[in-house]
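As written, the chain order gives the labels A, B, C, D, E and F, with residue 1 at the start of each chain.
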Amino acid sequence: MNPTTKQQLMGVSTATLCTALFKRGLAHQFIQDVRPLNPGLPNMVGEAYTLRYMPAREDLNTIEVFKNREHPQRKAVEECPPGAVFVIDSRKDARAASAGGILVARLMKRGAAGIVTDGGFRDSPDIARLPFPVYHQRPAAPTNLTVHQAIDINVPIGCGDAPVFPGDVVVGDAEGVVVIPAHLADEVAAEAVEMTVFEDFVQEKVMEGRSILGLYPPTDEQSRVDFAAWRQAAGR
Amino acid sequence: MNPTTKQQLMGVSTATLCTALFKRGLAHQFIQDVRPLNPGLPNMVGEAYTLRYMPAREDLNTIEVFKNREHPQRKAVEECPPGAVFVIDSRKDARAASAGGILVARLMKRGAAGIVTDGGFRDSPDIARLPFPVYHQRPAAPTNLTVHQAIDINVPIGCGDAPVFPGDVVVGDAEGVVVIPAHLADEVAAEAVEMTVFEDFVQEKVMEGRSILGLYPPTDEQSRVDFAAWRQAAGR
Amino acid sequence: MNPTTKQQLMGVSTATLCTALFKRGLAHQFIQDVRPLNPGLPNMVGEAYTLRYMPAREDLNTIEVFKNREHPQRKAVEECPPGAVFVIDSRKDARAASAGGILVARLMKRGAAGIVTDGGFRDSPDIARLPFPVYHQRPAAPTNLTVHQAIDINVPIGCGDAPVFPGDVVVGDAEGVVVIPAHLADEVAAEAVEMTVFEDFVQEKVMEGRSILGLYPPTDEQSRVDFAAWRQAAGR
Amino acid sequence: MNPTTKQQLMGVSTATLCTALFKRGLAHQFIQDVRPLNPGLPNMVGEAYTLRYMPAREDLNTIEVFKNREHPQRKAVEECPPGAVFVIDSRKDARAASAGGILVARLMKRGAAGIVTDGGFRDSPDIARLPFPVYHQRPAAPTNLTVHQAIDINVPIGCGDAPVFPGDVVVGDAEGVVVIPAHLADEVAAEAVEMTVFEDFVQEKVMEGRSILGLYPPTDEQSRVDFAAWRQAAGR
Amino acid sequence: MNPTTKQQLMGVSTATLCTALFKRGLAHQFIQDVRPLNPGLPNMVGEAYTLRYMPAREDLNTIEVFKNREHPQRKAVEECPPGAVFVIDSRKDARAASAGGILVARLMKRGAAGIVTDGGFRDSPDIARLPFPVYHQRPAAPTNLTVHQAIDINVPIGCGDAPVFPGDVVVGDAEGVVVIPAHLADEVAAEAVEMTVFEDFVQEKVMEGRSILGLYPPTDEQSRVDFAAWRQAAGR
Amino acid sequence: MNPTTKQQLMGVSTATLCTALFKRGLAHQFIQDVRPLNPGLPNMVGEAYTLRYMPAREDLNTIEVFKNREHPQRKAVEECPPGAVFVIDSRKDARAASAGGILVARLMKRGAAGIVTDGGFRDSPDIARLPFPVYHQRPAAPTNLTVHQAIDINVPIGCGDAPVFPGDVVVGDAEGVVVIPAHLADEVAAEAVEMTVFEDFVQEKVMEGRSILGLYPPTDEQSRVDFAAWRQAAGR
């Protein structure tokens, strides 16, 4: 990802990004029903590195399987590139964990940008204390072996009903997580920055008591004039 | 709404109001599965002003539609009376936003008492910082156009499986939101105040170690005597 | 419960306990989809004392029924043994309350170790201020009479899809609640303590930058050597 | 059950019975989301005999448990009184069977009036060929041990969100199953017969082209006159 | 509706219509999760006439309300134009009926083209015997008063997550129901007829053993040649 | 697959197979919530050949994509080996089709043993007339492009919450579909045949009026003696 793009995405919201994607005909890029364990952090921004789970078959998911260094869950954690967001397809099933505190800590130490599952994490109280963006549906204490089997690394997946391709740009804030197709990242980031400047202006005017009619969107010429002046004054 | 009623409703809980309604045969007035974005505020109390969404049809929900000043979502925000609670029927669908931070701020500035949807709001981290009661199911970054089309203003609706008629009295606390039919507001408010006094007495006695048997409800004569004395001493 | 076992269970997580149970072939002991109202407390540990709800029939669930001292909900609250965890089978239905603030406070004063429902509690803001472990699905202001009828005390039940037998050992932390079959409590507690010591070692090493491969699980001989040294140094 | 009542209930629909119960303030007596495996049979009418399942714990639900003649599932099938309807609380979980073809056949041979679960039956193609009323949610091939443990015989239960007390009168037709509280069975049956006569008259008139206004309900005097004449002519 | 359009729509499938709509950017016009009670009938084709339900409030939904000739459910049945499809927004709630056999029969006699609800109908076994297209989610014996209140006639609604505007063209077959925006009906019908001719050709060739590659879609020139010949021979 | 195994599996039920798998510790091999479109056929038996769908991204799923002969959906249909069962992971989402009548017909002509999706098929009325085993959740007229993107051929998948590996033996009957791990197919088939013989004996005895106690399972010595005699007489 272009460093400028990354920096731009650190400063915009998932809501604004969803609108920029909607304008391009992409309406399903928000990962549904996940929330941050630690909502006070800066934005999470990185390229998607994925792990796919399938339903666990009991004979293939005994506690012994983790002794295998090639086990895809462990292997993926050790191979995820620094700066990437680790995205897990848990089939929206939070009855068992997608991963736990130790693996999440390892990812953090390896330099990942964050981790997302549409299932749940175990050790969630510990994870919530890490300075690391982590998103899930709800806490899930049971080991992943209970219902999940890691089966594929870095293939296209679904996460919370959103399509996720390896390399897509994933952005998270306190509201949730959005997936930007790789080829659109630069233009969407740039547009979102512009939109954010305008929305900040609108929010300020609304807080001063102005009506949204003619202002949001700026169908009144005066709104455009005021915005130009505000922008210049604000140096944005 | 009678100002006394409003003041009374500021001091009672949605739980107590639900019981007062249950005694009158109304069992479905609690809006299911919504929660406050900012739970530390005083009660939300106001008359319902409603907006109805239907499923979005793509050709009628391009980003351009907001340029129309008559768009029902924008129009409703500008016409909602001061003191009212803005209640949205989003068909319990939180895949896209019912509204965002700017519209919520505008409603606040226009003097609304609060806003409720059985879907979700976007810009939820910003909204959570406003001194304004806002209730939803969960955050939803995508623009409402994605799945919702605003279609009717101030008609009877459903919200979280509760029936809501314009003018009904809507009360929210940190637990959730209850809808009081307009014609019952005064008597329910008065009764809830009385119930609250008694429950405060019971809670105090329970914390002192008393059994609930004979006390809650006060089937023991002694409980009624004690309550009378406590009430007099407490000046309530 | 053996006092040693209780003390051991105060110091381990539900995640670790789930793994110890999984090793014994028990994969469904975590109560699904409940969360603490007051997550900052020490672990909840106690033997299960149960209450079973069935769907309410209107003629049997008027507000008058609570005048009956034998009403199972009230009777159970007064008979629950000190030290026990009160577990309610609400059929995962949170449309109405399983109980409210007064009954929860009474249980606390009577010395119960905590309370769990797979439905919801009313007066949840008040309950959240009690120094008492309380777990539910979500707040529910309507009185239990609306959809629940208390019918059986201290029988085997389901709670959040987990089987709960009276006397089972129930443990809750900030993540959720797990049910340990009574006959396994001692061995599972002891094993969980051992696992916790090892996981603490691993977490420390991971935070120092070590790979999980060969460490977790400790398939490298060096990992076992290091752990032995660490354990001795840490006096655990 | 009064033999007259039974005969009356053989000739009315669950829809009519639901209305008769609704008039008495009972709105939740229809078992939700179950359907007949063999919809061509006469009505099922009998007193409820119940079986309660809880979630299965693996160590208590090995294939060996059926060797125990006291196993509640098998015991209940052998003890259910002739003429009774066997109603199972499967917690609306159809992932595994509530029972299979052999037990259903045994119940039929023992003279039961029918069987209902809010889960599923296995061997459903075989069961569908028996001349015996059987209702479930959907087919479920896995043995009940997979998710269900039979725990209580003939206690009050929930089935498809309806309250069922032993001895309640259970009626099934091609539409579904309704539960009539025992003390109301005679009066509800008699009223339903009267309602059915009137509805048959209305249906005939509607098929002749008459408007429902003034006819259903018969707010026009002429409708009542016509009905009286029709009834006399029809000998009902 | 243009009579040609109607005739064309009688001969195409909902599947083909969904594809024609998808090509125009409309992806949500299929009414989700409804099925015909009587699947052997010709297609249902007509313009939408709608009824909107909201959640029932108990005091407004006693059995007495039907005495009011202005009750929207009854009024709508008597005012629905001949040839129209009566579409009900039941909020996907099939716990109680959207209507019963008498009203459905009345609609049939009044010349309606069919009826659809995203809830359920009562008297479903009787309705299944009428020569009239009727679609619902599942049978529902309880009277609509139990959970539904009819509130609006012929307004835009949602039905099974599809947007339905009065006058839209509604088509049902044995698979389900699709809603065609009024302004697109003619062109979509014509295109669907063309698509059907081609698909019939493809189906015939596939049944003769031909590969779908190059045939469906006809990217091979030979496929287009063969189709032209087949079409001429078939006189379509 | 061993031809004997295949023949054996043609003569046993999915219910019996689920029990044989349960005895081996495999409790999740039944594909949940799918049903046959054409329940009168012989068993479906074949080795799994899989297709994985992910959520559709709009720009990658225009109607044009089918012109690509390498499109995984089309390619898989043309490459599925004769005798195989085509199993689709549709993430349990039946809002759009997994495939339609033409592709299903092509698979049939190519000699596949059947097709299963945990979503839905379009053209379901046509498919129901093919002499070919087809299982889905419910009909779904919209093209798969609406919500599904075919992404992987013949990888391990989930289908209806069951794990499916390419080569697993898939068996369907009028009840549903079960997945037998490849390495267990021979022994499970043989055991299921034996179980079926015994269950046929039991069913016959039960229909003659015998109690299940001591018979099912045959804990009475006499039951075993009777079975031996019955088996010899029946020549099985």
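Here, a residue touches a chain if its C-beta (ideal position, glycine included) is under 8 Å from a C-beta of that chain, and two chains touch if they have at least 3 such contacts.
No experiment lies behind these values; they were computed from the predicted model shown.
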| item | value |
| --- | --- |
| Joint neighbours of chain F and chain D, given as chain labels | E |
| Contact distance in steps, from chain B to chain E | 1 |
| Chain F against chain E, contact positions shared by both copies (same if over half, else different) | different |
| For chain A placed onto chain B, the superposition rotation in degrees, Cα atoms, nearest 5 | 120 |
| Whole-Å gap separating chain D and chain E, where each centre is the average of the chain's CA atoms | 31 |
| Euclidean distance of C-alpha centroids - chain B vs chain D, Å | 39 |
| Two or more partner chains touched - positions in chain B | 27, 161 |
| Pairwise touch network: line, ring, star, complete, or other | other |
| Interchain contacts (touch definition) - all pairs | A-B, A-C, A-F, B-C, B-E, C-D, D-E, D-F, E-F |
| Chain A residues within the chain F interface of the complex | 24-29, 54-59, 91, 149, 151-152, 155-158, 161-163, 181 |
| In the complex, chain E residues that touch chain F | 13-15, 17-19, 22-23, 27, 30, 32-33, 35, 39, 173-176, 178, 199, 202-203, 206-207, 209, 211-214, 216-217, 219 |
| Interface residues, chain C side, partner chain B - complex | 63, 66-67, 69, 74, 77-78, 95, 97, 100-103, 105-106, 109, 122-126, 138-143, 145-146 |
